[in-house]
Amino acid sequence: QVSNNTVKIGVLNDRSGIYADLAGEGSAIAARMAAEEFGNKVAGAPIEIVVADHQNKADIAASKAREWVDAENVDVIADVPNSAAALAVQGITRDKKRIFLMSGPGATALTGAQCSPYGFQWAYDNYAMAAGTGRALMEQGKKSWYFVTADYAFGQSLEEETTKMVKQLGGTVAGSVRHPLGTADFSSFLLQAQASQAQVIGLANAGADATNAVKQAAEFGITQGGQSLAGLLLFITDIHALGLQAAQGLMFTEGFYWDLDDQTREWSKKFEAKAGKKPTMVQAGVYSAVRHYLKAVEAAGGDDPDKVAAKMRELPVQDMFAKNGKVAANGRMFHDMYLVRVKKPNESRGAWDYYEIVKTIPAEQAYLDPAKSGCPLVK
Amino acid sequence: MPDGAMTKTAMLEVSDLHAFYGESHILHGVSLEVRQGEVVTLLGRNGAGKTTTMRAIMGIVSKRSGSIRFQGKELIGMAQHRIPRLGIGYVPEERGIFSSLNVDENLTLPPVVKEGGMTVEQIYELFPNLKGRGTTQGTRLSGGEQQMLAIARILRTGANLILLDEPTEGLAPVIIEQIGVAVRALKARGFTIVLVEQNFRFASTIADRHYVMEEGHVVDMIPNDQLDRNMDKLHAYLGV
Amino acid sequence: MTDDIILEARGLSKEFKGFVAVKEVDLQVRRGTIHALIGPNGAGKSTVFNLLTKFLTPTSGQILYKGRDITRARPADIARMGLVRSFQISAVFPHLTVLENVRVALQRPLGTSFHFWKSESSLHALHDRAVELIEAVNLTPWSGHLAAELPYGRKRALEIATTLALDPEVMLLDEPLAGMGHEDIERTAQLIKRVAADRTVLMVEHNLSVVAHLSDTITVLRRGEILAEGPYEVVSKNAQVMEAYMGTGHA
Amino acid sequence: MTAQSDVSPVTTFPDQNGRLMRAALLCGAGLLIAVAAPFALYPVFLMKVLCFALFACAFNLLIGFAGLLSFGHAAFFGSAAYVTAHAVKVWGLAPELGILLGTAVAAAMGLVFGALAIRRQGIYFAMITLALSQMVFFLALQLKFTGGEDGIQGVPRGLLFGAIDLNQPLAMYYTVLAIFVAGFALIWRTVNSPFGQVLKAIRENEPRAVSLGYRTERYKLLAFVLSAGLAGLAGGTKAIVFQLASLTDVTWQMSGEVVLMTLLGGMGTLFGPVVGAAIVVTLESYLASTSLPVPVVIGAIFVVCVLVFRRGIVGELLARLPRR
Amino acid sequence: MSTILGIPPQALFGQLLLGLINGSFYALLSLGLAVIFGMLNVVNMAHGALYMVGAFVAWLLLTYLGINYWIALILSPIVVGAIGLVLERTMLRRLYKVDHLYGLLLTFGLALIFEGAFRHFYGVSGQPYPIPEMLRGGQNLGFMFLPNYRGWVVVASLVVCFGTWYAIERTRLGAYLRAATENPTLVQAFGINVPVMVSMTYAFGVALAGFAGVLAAPIYQVSPLMGSNLIIVVFAVVVIGGMGSILGAIVTGLSLGLLEGLTKVFYPEASNIVVFVIMAVVLMIKPAGLFGRER
């Protein structure tokens, strides 16, 4: 019993703006790769994939999602980077009972206060990135911190989560400096961070802010001076953009790396053949989420959202992205994360060889306990 | 070169000049000639095409046909910015003083195109009002002062043919007299001048010959010494 | 005597970056007269005008209107007190019709000019008066045309009609006849004479025959200072004025 | 020629009546289409068009009728969206009150911005409004209640006047239509009012208007406040329709978009901005599912408009139409 | 150790120096804007985009042709200038007779196209550009570590800024330019080839932006979005300085850089707003801007 006799998957993301590199067309490719594994057919019905650009505007995301659901019989929406857009889509999919597979957005509210029975957060979340990095570095003996924080809700929450973790494990926070979003020049802030003499400088920002900060930290010789630089939300595309010269020594948490094992290498090679670059954790997450969804449809024998959602929670996630992943009641997919250090230029053996895996962070440590998430679905 | 006297060769020779603003045909075959060292006026009512004739010579009105020869060179078809470089100076009707330039800069703006131009000192002698106003913004000068500046700046360039469009418009009688003095002084120095005027009383004090225009045609030419004899005719042309 | 003086300037000066354009000018305009301001170009006539109507701020000096000090008032307020000016370069509203041009001036006293919720037809009551004024300056055939379409001289006429619409006590006209043809000059001069019957006019004009014909008092300015003052017969015989302004040809 | 006592305004404006008739017909037809539209087209899309059309009309009031190009109108639109969203979601205000509050806040901001900006004209005015709106953007990013990057989400549509459930798509649609019609009517009235006449005069020749005794800054300020308030009305309504307010609404790109809508439709025409908004919104939603890069297409439209059809679609049509 | 408002004086000095460095970018960009505005009356909204193009050209030259920084520093402004030349000849030129606002709108559209196109082809994360070999490392000034490259940026931009100022305000060419803005027909009637001059002016103005772009490449990520945020601040700088005032643009650019540097120390959250606050204050006191002429 597949509605309209097709399973229609809508990949909704940013295809031209700041998330176009880490999601964008790559996410659509990943979704198609998942469908192909099923021979483009599930439970006897063909799989169809549509894509749209939400241009990072929550209202475009919302109206596109509504239109898909109301007028075009889209069964499942995938990706949606940009928390504002994702929250808007979550509201709609909750009302309209459609499955929502979030690989792109990091806001913990999506599996917290704003969770939905149909919403699944897949690749990472801000808590895992921040607290995971905090914990891992503390365990490495780096106990005094200083934050360079983007001054808006997102940056502040990254700082807050990390601070909590650092303090909990007996570390100290020497201070922090708040910079406005979209700052080009970080030298002032870095100088202040340098003067604090903290062991770790945590960058509680993202995108261009983070890459500019990293680049200028190299210029001012911060890491040579003995301090560690920790990114609280970085993607492999950021490292690619920075180049190893500027990014070397930087530590942060990843949900996926193409060079983890044979499985990841093989899948990533196929991906690269189509996309021209290695996948990010968001793109790999889209693949994994769509694949898991299709498995659940098969298991449920149809695309009824309630049944499929139940199946998704029931089945373990088992693929190249997540070994032994499982979906919690709040919709959070639990899988291992990795603390990585960026290689020096001379350690790299070629294109995209960027990371040295410092530590695998077990899923339970990486993610917030669903019971504490504030999600009403968790009893 | 400035021989002052009339020579037989025409310095400027306009023949069968037609000019257009967009679609409207303004000049219908204007012909006139100006000899070296002469002061010639174009008289005519408002809208007769006097200004247009000057603008056509300068190439500002670019849609034109016929022939304009200056010292033997054909101006029609020549790039607009090269015409003044042959030694033709233009003082427009609206004076064209630049407000973003001070008086000094206005004065020295037009590039020197030939030798033999006046020096700044000589110019101040001719127009004492301008002296000491060097740093004033150009358009802050009064109307009369602006007119003087507009004439003065051409004198520096060495241009030997000067086109003067209504230099007396809106000026007080005493200033008009001053301008008259200046024009006569220029004539004495050997400049050739074409003057557009509505005020033929003024024109008669300085000119050698008068061309009368009506609706885009030259309808008459009156040498200055025959002006008295032709007064009635002229009054009819000009509707005084 | 002073209550006969409607507009007065005391020690009025204006300096532009070190250049003194108007120097210690004392000017008294008597109620009900036509007062002309003449002088060579650059004498400071327009500047005096701008000072009197506060389009420029005096460097020093005082301006009194009906005995009240208006040196600090704003230009719009001065117009509201009945002291209205025209401009040297024609100032109309080019994309309003002639009728609308006049009506804009008539409209202010209605007190509805901020009423964005009222219909424009509430202004139709003003049309009769507007049509009268347009007729007075002989623009009736043009009344439905856009002001931009008028020839220059007609624009000047329109400007006068608009100024008259405010029913000013004092009119300041800056070269009202400049650019007009012969017939228009005659007609406009008549008009000025007519409207001046029950108000005061201060004007700048180069057309000496008109000035001679119209004005009761003439003030001659030169280089920012008053050179002479009095009726035409007196002023025109003044040797200094002849030298500075009229020139020998005009005697 | 003597003045005839029966000279009536009708003879002075020979085409006035015809124009009025035509405008009325056009309005009637437009309204009919708008009422019937949700049965043919997707209502959320239509509501979005209406919100942006109102926004563009508000903007056009300034550029088209007062000659002032504001490059910061998103500040009013976005702030009103935030205020409405917050009032309805957190304070539990009824939607109509929320929208009113948003409108009022936008108008108040208009007063402050206007007081600063109207001292300059033309390009200066544009740059100043742009810079001021940028300040609003940074504030929106920093203030707690706006929710930073997440925006304010899940705003309840609630009950209009305590009775009409706005969660019904048609109820919501007709509410938005009513708001749009009210806003549009107000703009029309403003343009054709005694105030509108003075505004026009000021645009044409400001010193002359001053010499006629008008304190021109006050008129420009009032126009600015009206425009800001109406932009706020559009923003507040949009927050209710989409149940969210986000940073997008206060970015300078949004200010640019409303300029584009107005330019494309025709500045200074009443219907131009409506047409422009409809086209831009349609295009945006169409482009979303193609592989064309959206900003490039939008930019190209801008360039083409400016170079070859400066009067905009409606302006161009009006110019082609015989004048009578 | 004594302190000023809780900050050690050396640290304060260091921050001021950093502010000056940023200020030199502001100065360079606002100078280009002022030149273009002053001469063409066009508010060049594409300025930020062309700054970005300048950086990108340097990156492309390095990546695909192996052309080094020093050559790029000359070549890239030339390329950007050439782009400007084409834009002026084919588009802007048609707008001189209509309201200046259309110039603003056109260049706004162009900015969208440039940014969109680069985004489309090179993504948004940006590209790395290394600091040239010669300028690697830095000086320990005692109170701070000053990367050599930043020092170079200040010197280079100051030289270019004051050179430009001199050329426009003190030379005959500058007088031609100013006159041509006002009445091109007449200047042409004096024998000057105005259209060519106007094209060259625009080309020069945007070449300044391209130059700033190359200077910026090793410091910031070379990204399609690098200009769009910066440009709004630069506009504010130009408004504060007085639009069209060359000296105003330079002086205001440098001083606002300093001021922003101070804000980053005392109240970092406000460092992006401070320029706009100053702008509001300046406008209240002096509507034409600090160096602007009242009209």
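The first chain written gets the first letter, and so on, giving A, B, C, D and E; residue counts start at 1 in each chain.
Following the convention adopted for this analysis, a residue touches a chain if its C-beta (ideal position, glycine included) is under 8 Å from a C-beta of that chain, and two chains touch if they have at least 3 such contacts.
The chain list, named the UniProt way, goes like this: B, C = ABC transporter ATP-binding protein; D, E = Branched-chain amino acid ABC transporter permease.
Since the model is a prediction, treat every value here as computed from it, not as a measurement.
Visitor: Enumerate, in label order, the chains that touch chain B and chain C alike.
Guide: Touches both chain B and chain C: nothing.
Visitor: Among all chains, whose Cα centre is located farthest from the one for chain B?
Guide: A
Visitor: Can you give the whole-Å distance between the Cα centres of chain A and chain B?
Guide: 77
Visitor: Just give me the whole-number Å value for how far the CA centre of chain A lies from that of chain E.
Guide: Measuring from centre to centre gives 36 Å for this pair.
Visitor: How big is the gap, in whole Å, between where the Cα atoms of chain B centre and where those of chain D centre?
Guide: Chain B and chain D have C-alpha centres separated by 54 Å.
Visitor: Compute the distance, rounded to whole Å, between the mean C-alpha positions of chain D and chain E.
Guide: Taking the average C-alpha coordinate of chain D and of chain E, the gap between them is 33 Å.
Visitor: Could you list which residues of chain D touch at least two other chains?
Guide: If we look for residues of chain D contacting two or more partner chains, we find 138, 142, 293-295.
Visitor: Please output the residue numbers of chain A that touch at least 2 other chains, ranges allowed.
Guide: Each of 16, 151, 180-181 in chain A touches at least two other chains.
Visitor: Tell me, which residues of chain E touch at least two other chains?
Guide: Residues 116, 119-120, 269, 272-273 of chain E touch two or more partner chains.
Visitor: Looking at the whole structure, which two-chain pairs count as touching?
Guide: A-D, A-E, B-C, B-E, C-D, D-E
Visitor: Quick one: which bits of chain E touch chain B in the complex? Just the residue numbers, please.
Guide: Checking each residue of chain E against chain B gives 172, 175-176, 178-179, 181-183, 185-194.
Visitor: Tell me, which parts of chain E touch chain D in their complex?
Guide: Spelled out, the residues of chain E in touch with chain D are 37, 41, 43, 91, 94-95, 98, 100-102, 104-106, 108-117, 119-120, 232, 235-236, 238-239, 243, 269, 272-273, 276-277, 279-280, 283-284, 287-288.
Visitor: In their shared complex, at which residues does chain C touch chain B?
Guide: 16-17, 19, 39-43, 178, 181, 206, 208, 243-250
Visitor: Sort out for me which residues of chain A touch chain D in the complex.
Guide: 15-16, 25, 50-60, 62-64, 66-67, 70-71, 82-84, 87-88, 91, 107, 109, 114, 151-154, 156, 180-181
Visitor: What part of chain B is in contact with chain C in the complex they form?
Guide: The touching residues are 46, 129, 133, 136, 140-145, 147, 170-177.
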